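Common to both upcoming complexes is chain A, partnered first by chain B, then by chain C.
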Partner chain A sequence: MQQTNQFQMEQQSGITLLHIQGDITAHSEPVILEAYKKVDEQETAQKILIQFEEDAYINSGGIAVLIQILAHTQKKNQAIGITGLSDHFKKIFNMVGISKFAGIYNTVEDAITAMS
Partner chain B sequence: MPLSSSFLFKGLSESQLQRLTAAVNEIQVQKGQWLFQEGKIGDRVYVIKSGAVEMLTKVNGEYELPIKIIRSKGGCFGTSALVPPHQYSLSAKCAEDATLLEIGREDLEKISTEDSALGCAIMQNLAQHLLARLKETRQELKIHFKTLFRSMHT
Partner chain C sequence: MPERKVKEKIRIVDERTVEVSLPNVDGYERIAMECSASFAKIGGLAKERIEDLKTAVSEACLNAVEHGNKGRPEARVVISMHLGDKDFRVFVKDEGNGIPHIPQAIDIRRKVERLEPPNGLGLFLIQQLVDRVDFNKTTNGGHVVNMVLKMENQPAPCPRDQDQTPTVIESTR
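Up next, the complex of A and B:
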């Protein structure tokens, strides 16, 4: 079944926080790209923290969408962090190599401290 | 929970659903328990009554890539058991303690042979489901291609 996602943005300590609701799949691509576009327009776009919901499920399609975003951030030399992942997904992100391109943090506070 | 809430049994009559229900076995599974492994012979199909099941695929024998989580009542999995070569195309792991309804492939084939309209409806529902999955997989592939092309042209 096709999922719908929503996002919200806020600024904290020079970092743009992007809260993303819902499971992340290939169907999430338009919403995530739109969210990234909006973040990219911010003055604080050099540091981006993506926050997922704790029970969000991220499948292989969702991982493909995140890799696409990471390719954009790499190109623009933007620092990117990810938080809100369950232990299950932290392990998967390490295995697929996402953690080499994005900092994985337990909490928003940890991320802000590390990224500031 | 009626079987009619599952996509696989959509459109079946009450009497057809009753025949299937008689072949159903209810089982309890705990979080973390594997139900089946990718590539193994598929001998049953499952319907979720409660709980959640995650579908995974192994990459290079190194890690399990998450494909899907089925949380909804009536969610059905293990359907690759119904088509030759009757092998599970993904692995299934219980993500939350669950109550499942299982139906043996041989029972389902027997009922389908005796009632060809039932068998035809199930196969049509399965084809529709697989088509949607194929569409999603194509979408995923397009995302990877976009990333690849962008990285090659910058």
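Up next, the complex of A and C:
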């Protein structure tokens, strides 16, 4: 069963904010990689903030997709932040070690303040 | 009326045991997640632990679909949930041969540096999120993951004995 994701981009304070709608699973890979490609074309691509939906279902397949994004941002020296996670998924992202490579923020405002 | 073979998909075995039989399709794990969460809630499992349970059940089902049943459409994943006095147990059964290698840790840096594939996180998450997990072969040729979450704060579990059979992993959480 495949679900679909949608994404939207906007610029705020020199940061590209990428809203990802929908659950984050292995099926999200084409949409999320496409979204990153579009972000990477922006002038503000040096600072990227990904915003997930707080009630999104995220599984290990989705985290693996995110690791692929981190591989790109590490290689290109881009700063990346993540927001919109429930407390449970903040814990999961810490467990896996995502937080070593991406800032985890409670709100978009917190992220922009920290990343600006 | 034409004869129709009806397979039970959800079975209330008794007031403490529920069984769900899912098609071998990625996505149906969410039925097992929600079913186990509702049942554990009845038993009084704490809200935070219910989230742990949901992720652990999801990952065990995904492994069963992909690795245990190897995506075979005719195979099924059977989830049995048991509400005990002190714990909540979930058994996730598939028709495979088990897990050849159970990772004890993951190295996120190697994954981000593309020195190893980004996937393979499911078993690690299960081990981190439940109080105890066993991986056993079944007598009829399948494999079962048995996950236990304690209802209350209990003394820290014993460390894992790696030579023990069947494989038992005690979480350090």
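FYI, the second predicted complex is superposed on the first by the 116 of 116 C-alpha atoms of A that agree within 3 Å, B and C clash if a C-alpha of one lies under 4 Å from a C-alpha of the other, contacts with A are read in each partner's own complex, and residues count from 1 in each chain.
To be clear about the criterion, a residue touches a chain if its C-beta (ideal position, glycine included) is under 8 Å from a C-beta of that chain, and two chains touch if they have at least 3 such contacts.
Bear in mind the structure is a predicted one, so any value in this text is a computation, not a measurement.
Partners chain B and chain C clash in the overlay (superposition on chain A).
In the superposition on chain A, A:Ala71 makes contact with both chain B and chain C. Judged by the touch definition given at the top, the superposed model places A:Glu29 against chain B, while chain C stays out of reach.
Taking chain B and chain C in turn and counting the residues of chain A each one touches, the greater count comes from C. By the touch criterion defined above, A:Met95 reaches both chain B and chain C. Of the two partner chains, chain B and chain C are each touched by A:Asn59. For the contact definition in use here, the residues of chain A common to its chain B contact set and its chain C contact set are 1, 25-27, 57, 59-61, 63-65, 67-68, 71, 92, 95-96. For chain B in complex with chain A, the touching residues are 57, 62-69, 72, 136, 139-140, 143-144, 146-147, 150-151, 154.
On the side of chain C, the complex with chain A involves touching residues 25-30, 48, 51-52, 55, 58-59, 62, 106, 108-109, 111-114, 117-122, 124-125, 128.
On chain A, the positions that touch chain C within their shared complex are 1-3, 25-27, 57, 59-61, 63-65, 67-68, 70-71, 74, 86-88, 92, 95-98, 100-101. Against chain B, in their complex, chain A makes its touches with residues 1, 23, 25-27, 29, 57-61, 63-65, 67-68, 71, 75, 89, 92, 95-96.
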